[in-house]
Structure formats: structure tokens, C-alpha cells
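Next come the structures, one after another.
In what comes next, chain A is part of two complexes: it sits with chain B in the first one and with chain C in the second one.
Here is the complex of A and B:
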């Protein structure tokens, strides 16, 4: 039963990574492409992690996986933020129809 | 401060043991050495470490994380839909908003939550005004961001931490007053 759920998770993960890659081609500028890649980095990695957690045999292995996932989810937004900020500082223009508004 | 350095050493060493493949003598010695060097190198960061979270604050944080998980799943589906079915695929918006969070850790937490949710990226945070400069993939996302529930949850956590910090400083002050009056009493006894 766990094996089937794990395989479903892997398929879901591949789907989200695939959609993220498709987004790299479909979205017009670096800022919007980051959103597409974010799908693989959050749910894609999460589903792989969940699948591996279900398949792992020892608790130490599960603990290692949880630590790896937590570190990934901490580092990933930091790097995304840095990339976006660096793009803005270097003057990389967003796509023409981008609005600026106060929320 | 020594206590904190020791705590950091134990934490790093435990982390090393967990991630190392075989906890044999060689791994343990290298781990202890690296943990010691790192703890010693970063001991100046000791006073800047956050206070230990109370059970109530931990509960709020746990609820925040659960809620964030739900938002991340929903946002993934929304971004996938936008990419596949919208034409043009994106109508991005840069949003400047002031969520009213005053602490540095609260701002970092909110910025991380915003960025980890697909469809929104925190590009910059102004440390003086507390304004967030966010890139949103669609107009809808930008509108929803202003009334995002995570903001109020982080504000709740911030208030809880503030209350606890006030309580701790009040207790410290009363302890100080107590020790000062005890010292005065002792001096009076000695003078007598």
C-alpha cells in the first residue's frame, strides 16, 4: 500500500518538475520564470521526500530525509529572493505589461 | 554565553552524527572537531540568538507552518493553471506593501513564507520602513496578498513573543530589585 502511495508521489513530483520546466519556456521574463521553477522546488521536492519517507526502512534514514527537506525549504526561498534582488539591482527589466501597485 | 556556545556545539555535533553514514570513531572525532571549531568561530553570535520559544509560541508557529503547507499546495496548482490555461500566461504585478510587522525575525519569516509560496517572490524588504517589495505572477495573487492570513498569524506570534520578552525582563527586574534590597539589608546588618 505504502509502495503505491510512494509511486504516486514520485509521479506527481515528476509532473510538477515537468510543469516547472515548461514554465521556463512559456513565461516571458526571469521574474515570472522563478515562479515556475518554484513549483518543482516546493511541491516537486516535497512529493519526492514524502515518497522516500514512505519507502525508507529505518528511523535514522527518515530523520535524515526530514533534515534534508527542512534545509532545502529554508535555503530555496533565500536563494530565490537573492536571485530576484540581484536581477533587479542589475537592471534586468520585467516584461512590458508588468504593473506596479501599492498593496 | 558559554552555555549557548555549548548548546550550539551539541546541536552541531548531533546534526553531524545524524547525517554521517557510519558513526564510527573517525566520524565522531572529525564531527567533534568541526562542531568545536564552528561553535568557537560563531560564539560572538551568541547574544543575538532568539529567546527559547514557549509552548504557546511553538503552537502558533506550528499552526503557521501547517497553514503554509496548505497555501503552498494551493499556490502550486494555481501557478500550474495560470501557466497552462491563461493567455497571455502571466500578467505580473510588483506590489509594494507594508504588513505592519516590526521585528526582524518576523519580517524574515514573512518574506520566506511569501517566497516559498509559488506565485509570489519577496524581492526586497526595506529595514527602515518595513515595506515589502513583492513580485506576484497574477493580479489576483497580488490582491489576495494584502489580506493573506499568514500576515495576521505572524503578527500574533510576534505579539506573543513580545509579551514573553516583557514578562522575562519584568521578572529579571524584580529579581534585580530583590537582590539589590537584599544587598542593602545585608549592608545595614553589617553596619549595625
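Here is the complex of A and C:
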């Protein structure tokens, strides 16, 4: 039973990775590409971790997996944020009709 | 695996440097997931530590690249973008 749920999680994670990659190719702008890749990778890694947690047998293994997932969820948004800020500093123009707000 | 190749293609043809950085980020996340899956396929759970070290090294390397490619100050100059009048309207 757990194996079936884990395999469904794997298929969903591959689908989300594929959606992120599709967004990386289809969007017109570095910022929108960043958005697509960030969302898709975060959900895909979460689903892979959920499936591996269901498949794992001992508690130390689950602990290591949880640590790996939390490390990824710390690192990936930080990296996306810093990349967006670097793009703004380098003066890369967003796509047309973008509202600029100071926030 | 196919997705890794696709993201690598984006990294190669990417028009700007930021595109390449984004695709390298996506590559590292996909490769760490593949390392986790390999650890479970081979029943050798020490490989999960390899995934930790890979993620941390990718993060530190990305930080170094960002530090190199930006200017020396990290202050945002939003007025360099187009439509500065819109921006002024927001602040007033």
C-alpha cells in the first residue's frame, strides 16, 4: 500500500520537474523562468522526499531524509531570491507591461 | 535524466548569464534528487550524505558566482529600469 502511494508521489514529482523545465523553455523573461523553475523544483523535491519517507524502514533514515529536505527548502528559495536580486542589479529588463513597485 | 539534459540545453543556449545561473540551480536540485534515488536503489544509505555535501557545495559555488558577476554594492537601483515615473507615483 505504501509502495503504491510512493510510486504515485514519484510520478507526480517527475511531472512537476517537467513542468518547471517546460516553463524554463517557454517563458520570455529571466524572472518568469526563475519563478517557474523555483516552484516546480520545490514541489518536485518535496514529493520525492515524501515518497522516500514512505519507502524508508528505519528512523535514522527518515531523520536524514527530513534533514535533506529542510536543507533543500532553505537553500533553493535563498538562491532564487539572490539570483533575482543580481538580475535586477545587473539591469536586466523585465518583459513589457511590468508594474514596478518598491517594496 | 532526460530533464537534466533539457535543463543543460537551456544552460548552453541561455541568452543571458542569469538564465545560465537559473538552469545551473535547477540542474543541482535534479542531480541531488537523483543521488537520493540512487541511495535507495542500491540500499546504500551513506549516499544521502553525498547529496548533503553536493547541495551545500552547489549553494556556496552559486554564491561565489553571484558575488563575482554583480557590482561591488548590493543596493538595488530600481530607477534604472523603465517607467521610473510609475515608481515615483508609488512612493508618493
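Definition applied: the second predicted complex is superposed on the first by the 100 of 103 C-alpha atoms of A that agree within 3 Å, B and C clash if a C-alpha of one lies under 4 Å from a C-alpha of the other, contacts with A are read in each partner's own complex, and residues count from 1 in each chain.
FYI, a contact is a pair of C-beta atoms (placed from the backbone, for glycine too) under 8 Å apart; a residue touches a chain by one contact, two chains touch by 3 or more.
As the structure is a computational prediction, the values presented were derived from the model and not from experiment.
J.: Could you tell me if A:26 is touching chain B, chain C, both of them or neither one (first, second, both, neither)?
T.: First partner only, chain B.
J.: Output check: A:34 vs chain B and chain C. Expected answer is one of first, second, both, neither. What do you get?
T.: Both partners, chain B and chain C.
J.: Quick check for you: in the superposed arrangement, does A:73 touch first (chain B), second (chain C), both or neither?
T.: first
J.: Given the touch rule stated above, what does A:18 touch, chain B (first), chain C (second), both, or neither?
T.: second
J.: Check the residue A:43 against both partner chains and state whether it touches chain B (first), chain C (second), both, or neither.
T.: So A:43 only meets chain B here.
J.: Quick check on the superposed pair: does A:92 touch chain B, chain C, both, or neither? Answer first, second, both or neither.
T.: In the superposition, A:92 touches chain C alone.
J.: Output check: A:81 vs chain B and chain C. Expected answer is one of first, second, both, neither. What do you get?
T.: So A:81 only meets chain B here.
J.: Touch check for A:63: first (chain B), second (chain C), both, or neither?
T.: In the superposed model, A:63 contacts chain B only, not chain C.
J.: Of the residues on chain A, which ones does chain B touch that chain C also touches?
T.: 34, 64, 67, 76, 78, 80, 85, 88, 94, 99-102
J.: Which residues of chain C touch chain A once you look at their complex with the stated criterion?
T.: Residues 3, 6-7, 10, 16-19, 21-23, 25-26, 29-30, 32-33, 36-37, 40, 45, 48-49, 51-52, 55-56, 58-59, 62-63, 66, 69-71, 74-78, 80-83, 86-87, 90-91.
J.: Which residues of chain B touch chain A in the complex?
T.: Those in contact with chain A are residues 15, 18-19, 72-73, 76, 79-80, 83-84, 88-97, 111-112, 115-124, 134-135, 137, 139, 142, 145-146.
J.: Report the residues of chain A in contact with chain B in the complex, numbered from low to high.
T.: Residues in contact with chain B: 16, 19, 22-23, 26-29, 31-32, 34-36, 38-39, 42-43, 46, 60, 63-64, 67, 73-74, 76-78, 80-81, 84-85, 88, 94-95, 97-103.
J.: What part of chain A is in contact with chain C in the complex they form?
T.: Within the complex, chain A touches chain C at residues 13-14, 17-18, 20-21, 24-25, 30, 33-34, 37, 41, 44-45, 48-49, 52, 55-56, 61, 64-65, 67-68, 71-72, 75-76, 78-80, 82-83, 85-94, 99-102.
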